[in-house]
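Below is the structure I would like to discuss, written out as structure tokens.
Chains here go by letter, A, B, C and D, matching the order in which they are written, and residues are numbered from 1 within each.
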């Protein structure tokens, strides 16, 4: 079976996020107020062939940690996506 | 109140995704097989001040469409995040 | 003497180069800081290369909200000559003044190298002095230079003769080998290669001259 | 002020005797915060405590030197009212852990060192050293480091115009990422990092301060990696040291600082690098002989709950400290607002105190609020300049004689010379294509040639017809065999590179990358290498105007080969036409200029060459350094090419120095640059094909007689090397390769290696 999986990669706490900070700084001028703690992250959507969903997620987690993120600055988590 | 919100930005269907394709091509060599349809996307986490969650999400959707994505190539959706 | 404005966003970095090129061509050129709202008095406007607002979010995404862009849009809509080079091209697409979008290069790396361009149309203010089929060697310097658009837009570009320049050998995965496009009127044009870097044999070639000369000497639009 | 617990100093990287030194400076026990300040400022990285006594042996003076070692960057007078600032630094350990950000923040740091002097950064170079690419981790490092330099350098808007790329097993666990920056300024605008003027304000510019890089200098840069697998074994405790670069912030900071200087609003300015605010405030105060009161509550923070020691030692990137008069504050604030650069008054310049001996001592006081509680109070100069000096034990490696005796010079060739030659050709274009090398319209010769050559021009500079040339060089294989001679030869190699673009060498900066200084063999290598650099520089008439020492480049107890990197700055007096480059024309005569054979016992030594290394032979002897033959050769070549740059007609059509890959390598590189082959008569075996000693140039001319006459007049040897033409490179009976084969191999070697799968 093929299971849709999403891997979210976010910056670890305490790691500076210049992109998020720059976007946040720009918002008031665009008329968006009351937005704080903006953090930019990445996501990867994929289909994973596995006997069941749990092992698909396991595979995705390994992939997330080994390839899609650098654990020194990033956290990566896998969740199941929706078909489509 | 401040509501945590996540905006997911993905490439529109039919738009080439060289990043996703490159990762997918590299996978077998690293021992990951059975991974297909890899698509790279972005996510933005933020806190939005609003009277209730629904209006926070509404504000996030406007932000997502006006700024966080380029509708020529991307789709954007807002969902509520978890506190923390 | 023509008077050209070079828009400077925080993070722009080719503004001095654009200014120098204008000087070589005998035009008077001045910087326009991005917070300016009045750009009257210019015969043409250049959005130079660089990383406006750090290119954060997407190249051009934050810059298009800079106050000056409202004035640039008005200038463009009234027929004024507007040229976006590299990052400036990205800003113009984000602002909706040119169709399409620019995505990361196919190889996912920044590319700084000479490219050979083929002039596809002489309808734009940039290519009006060149001849169709003319080959020009002009360097590229970008990470997100792959021109992207949907099928309908691409057809429209071809039908309206909006494709100004194509690469002879596609370096970045650009749709249809597109290096530069114009709006329907031909007065707004954007390209990823840097003609201002090809203005002198001391620096490796002067093929950019025919492009920028055409731009500087474009008849002043109905404004 | 409560005093610190007994063992805290060790956790902060201070030894017991260093704690005693601190006690005697203060005349009391230090408190926790004071100890933390000493911990970072007396770290190897900040204090040069193991190397300082040796560095004093370098020549540092010449009439054109405006600023020598000791400041943020060295500065020379380049003529026409323009001064050039230059500095090189390492970012080795951060890059091993997070290659993208490690390299990116390395670029950010070196730029700040240069614009601190009032110079606009105009060029970056990046000497890089990795393990062999057959290892997947090395490929990850290479891709990360190169994209980090590309991502930061391109975005901040400074062209990267050259560097180095070396692969060797010894860097597998400890890659080296050095970055050099050169910038220019109107000579009269030169500023130094000095705080003076009682009542003046210390203003922090740029990013807010977070917990990033706390203890970076003491933990990351002043200790080795413990495990076999280098950075992979790094424990979690060291991880928060990773910093993220923000080139957009830096770009605005550059523009704001240069404008502040232009307008004369600034008395002194200093970048924040290693050791953050404590370093910048104590150094500026110490240089000015004044005291400084710093208010920790005035520093904008990015994170909540930060302790004073974290605030004072954080290495958050993209920050500068400006000393201004109070009257200028409103103007400074307004200018910074325009550039969207945050500016906060964090310190006051105060009267020095008088100590028990009646001496005036500028104190660094950390307070909670101006005039508020004093959290720390120490003499600024004791932090900045009075770290202990160590004469660490030195020992010549016991196995050095055996290694030298294992000389490959007389090895029988195993493969054919054709194969040997192809194997050593590699064009680093995959790397430098990722760098914007053309910004500012100055780049006459970009990356990929012998040296980079730029017009000496930039925003705000007076007009000049001059050019500047830059090169970085290293030869760790030679330096492993003989660090003294190897380093001297590296200097020579660098001067040769500059001669190829017509430049006269003016000043050296160096980055000394070595292993663990607590290993006596490493200290011996360092000391020998410094002597070699002094010898090379003296012979070639060059001052050393700055540098950086990176120690503890080791992993699992194994030190890297000694890797002194030489950065060389030269000047071309008139640059109105490009130098000839490598591309000869059909029918040109080829000449080997310079002494045909090496100085020393072997005519064509192969120790330390690519040829030997490629067959796993790492022993042997290096050639001697002989300044008396090098100087006239370099001067002759530089003058020949300078004439062309000045617009004179010349019969010389191409030039390239003989370096890595030897004479055969040089010829192959020239062939591949223009697609025209050459027919060269038989040389003296594979020794002459592949020996790499410097002082030789391949030059092409379309008037052999005239050219030979000029060589003779200059007293420089000239050996006929045959003719350019055709579509093959033939060297006697040993080399016969098509131009296409050579070109293809050079172009694809690196990309193929990066794409390989293990």
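Keep this in mind: a contact is a pair of C-beta atoms (placed from the backbone, for glycine too) under 8 Å apart; a residue touches a chain by one contact, two chains touch by 3 or more.
All values reported here derive from a predicted model rather than from experimental measurement.
Chain centres here are C-alpha means, and the one lying farthest from subunit D is B.
More C-beta pairs in contact connect the chains of A-D than those of the other pair, out of A-C and A-D.
Rounded to whole angstrom units, the spacing between the C-alpha centres of subunit A and subunit D is 37. Centroids of subunit B and subunit D (each the mean of its C-alpha atoms) stand 41 Å apart.
Centroids of subunit A and subunit B (each the mean of its C-alpha atoms) stand 8 Å apart. Among the residues of subunit A, those in touch with two or more other chains are 18, 22-23, 30, 40. Residue positions of subunit C touching 2 or more other chains, listed in rising order: 53-54, 56-57, 65.
Residues of subunit D found to touch two or more other chains are 246, 248-249, 340.
Interface of subunit C with subunit A (complex): residues 53-54, 56-57, 62, 65. Every residue of subunit A that touches subunit C in the complex is listed here, in rising order: 18-19, 22-23, 26, 29-30, 40. Those residues of subunit A whose C-beta lies close enough to touch subunit B in the complex are 2, 8, 10, 20, 23-24, 27, 30, 32-50, 59, 62-63, 66-68. Residues 97-98, 100-101, 207, 210-212, 239-240, 242-246, 248-249, 302-303, 316-317, 340 of subunit D touch subunit A in their complex. The residues of subunit A lying in touch with subunit D in their complex are 11, 14-18, 21-22, 25, 70, 72-73.
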